[in-house]
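Quick one: the structure is below, questions incoming.
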């Protein structure tokens, strides 16, 4: 096996890894403040891709709006739309469940997942619709020496990394972040200091959803846009979260990236195991470090 | 010539002996003939069969006059979602509870094998127009199963032969990981090796894979001349498009789409697909008869027919003719009649159905036109050569089907 | 009192069903009803949300199907073999999963079930995407021909009653009472000296085994074991059925399975709208209707 093959598969693995990282980051942020695992996170990712697709191709045809939202605009518009939906869900539904067992939050978001998936499966082919809006400037190929790599994929990797580490910086090193962390540590105390914790919770949920939507936009030109694209991904991301532990933002990012790489390399070494390797790692982590690699035992 | 006459006489006598006593009573199992169209209505194969197959079947029934033996012909359709258990349980309910007399479409080999196996037990005729695997007429053949449009033997015979002769000797397969893909890969590999070529590697990709990049890079690293795509529909389209993104073809390797439909070419566009060679049973503008029917189909479906759409029309029509000829919808009698008929319409010329259920008819090796050669939106394919039925299909003498050795 | 009436209704309806309904469909419903009851034992009485129960249901279906088809086991022994597999798998899953609690427990079971799903996809004996086809129904006890849909039906109904009975016995035994005590307040149960983890594990194993019994039976009914049974969506559906019928009630899961099963069957021609409708029911149940049909019914009957 040549070093070339390993390098190129590793790069493709990283490509997958940035999506894991972005999604597990969003899950971790939401979990930190709400103690809820958002099953609909995969659906939000799917929704992001579809909003981009509809904005590009169907606005005129479906809604009679003579407007085309290009890829660059989508990077801003889509997270706003998806984040807005997230806020709506939090305000109208999730809010009612905070007094109950956290399991109900998971069940509710599972129901929402079914609705969103079913809705899009009605109007779009399950096997995927190509997103035609990839910008001309990114359509080329970069010669990396060991392989030709599509410029767009390289862009997606870099852009996602910037978003991930930017989020980490904001949460860990700014005033806004320190308030958030205070809200996580002790909501009652933070409230008495005059911070509006319910608002923080709502905005955080919206932000997490927006991150998933953003990941969806980035994924749209690479993978076809399909109603099921989020469902299969979210379960892997759950395993990523269990492996990383919910302890830290950085933990979520790093374990996402690392597990993408592991998956990519498994495709070279023993292809049939590629789809299960992350789950097996999860079993090992559970046996030897039940709280996860970066997690704290509660 | 003499042979043909003899066959005709034997056929006519056979027909009369079966038909005469039965037409007197005109037996139907119930007061109607019901045709079930079970297809992929929402997934990877939606555009190549799916809703279009229902339209083709409806057209066949309308053209037949809407009744047979003075009883109405009905149609029922459902989505098998590419899941064999859903396909089989739908078919089971149709047969047990809804009095379906014949099942058609059945694209997706896993579904096809499951349904044909069930229909065999229940003595119901299946006329498969969509699935590829040769297992339907070989190891798992059924006395009531007919494989109508193409199979995984007919496809590589034309395409792989042409590619190997042009210097593509080393092959790497990207295989859809289920019955159809495996069968196509094995049959293609056999053709390649019989011509002195070599299969250097294979990787199985799940059905409806979105990202083929990893598989394509493995294929690239293998040093093969040809990357054989043993998949179909949206999977083939995705693989070809992504090969473009990673500059696979520009780096000197060729892609061979082993099963390509005109709808795939249409969705890829000529810019990407031009020059691609593949095998098909039917091209909508191959002659005037075909053109005329296809235009009628286009008016209803807003897309030109694939070989499978045309096949559904042809299969339903011939089934109804057989029912009419024997005066009953009894599966044994109808199947016997179908085996004795010579099939002729815009889709098939001088076709016949062998004892193992394989429908023998000519196939075509086609090439995708250059953008400059295309005269209209759907004018995409040029026929390169005709592959006679005898070479396209597994000869009955070599069939592994138990029904053949019995007779 | 209400339970007795419901049991009588269930018995009569079950015995007469094949004369006015399509038997295969009713058998399908019965398998899911048993599956939902098994799931309810875990979530409704032990408070553990498993999102991976499809692994036991689907896994047992494969093992039962394979043992009948390839080794020529008679149907009853084949079903028991599949059930035994679910028991072992349940022990392995439970051993790993009870290390984490609450939502983590759900995620871990989901991820573990995904391993089984991918193994089912890739191991040669399962037939991958093709599924395990053509499982012979064979003869029960050597003389009852199960190819007749009537005898198959009563066989399935019998299995359902046995499974249902085991679950009732478990719930009303001292063991079941400890389980409910753990659900209500784990710390207190622990301080009373109960080995909480062992109780949870045992509940998990019983639930998994009976889910396996349901799956193995379904494989024989349809003569087919497939990936759909092992898919996470099936795990979700079973949660939905239990929730709709009534979590932690005796007949809730049965009513839920019948309701959801009949609904998806009736609506199947509407394609993906089924999913939208089921999802909406799910959301409504979680938000305002957490007791489910039977739970609400019981509340209304007690009131006046």
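As written, the chains take the letters A, B and C, and residue 1 is the first residue of each chain.
By our rule, a residue touches a chain if its C-beta (ideal position, glycine included) is under 8 Å from a C-beta of that chain, and two chains touch if they have at least 3 such contacts.
Please read these numbers as outputs of a predicted model, since none were measured by experiment.
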Exercise. Taking chains as nodes and touches as edges, what kind of graph is this: line, ring, star, complete or other?
Worked result: complete
For this session: Give the chain pair that accounts for the most C-beta pairs in contact.
Result: A-C
Problem set entry | Chain located farthest away, centre of chain C as origin (C-alpha) | B
Exercise. Centre to centre, by mean C-alpha position, how many angstrom separate chain A and chain B?
Worked result: 41
Problem set entry | Averaged-CA centre spacing for the pair chain C and chain A, given as whole angstrom | 32
Exercise. Which chain B residues touch at least two other chains?
Worked result: 42
Seminar exercise, completed: Multi-chain contacts in chain C, i.e. residues touching at least two other chains, fall at 121, 271-272
For this session: Specify, in ascending order, the residues of chain A that touch 2 or more different other chains.
Result: 121, 272
For this session: Would you tell me which residues of chain A are touching chain C in their complex?
Result: 35-37, 93, 96-97, 101-108, 110-119, 121-122, 227, 235-236, 238-239, 241-242, 272, 275-276, 279-280, 282-283, 286-287, 290
Exercise. Of all residues in chain B, which touch chain A in the complex?
Worked result: 42-44, 46-47, 203-204, 208, 210-211, 213-214, 217-218, 221, 233-235, 238, 241, 245-247, 251
Seminar exercise, completed: chain C residues touching chain A in their complex are 47, 49, 96, 99-100, 102-104, 106-108, 110-112, 114-115, 118-119, 121-122, 232, 236, 239-240, 243, 271-283, 285-287, 290
Problem set entry | Contact footprint of chain C on chain B as seen in their complex | 41-42, 78-79, 83-86, 88-89, 92-93, 96-97, 109-110, 113-114, 117, 177-179, 206-207
For this session: Write out the stretch or stretches of chain A touching chain B in their complex.
Result: 2, 4-5, 8-9, 12, 121, 125-128, 130, 141, 147-150, 222-224, 226, 229, 264, 267-268, 271-272
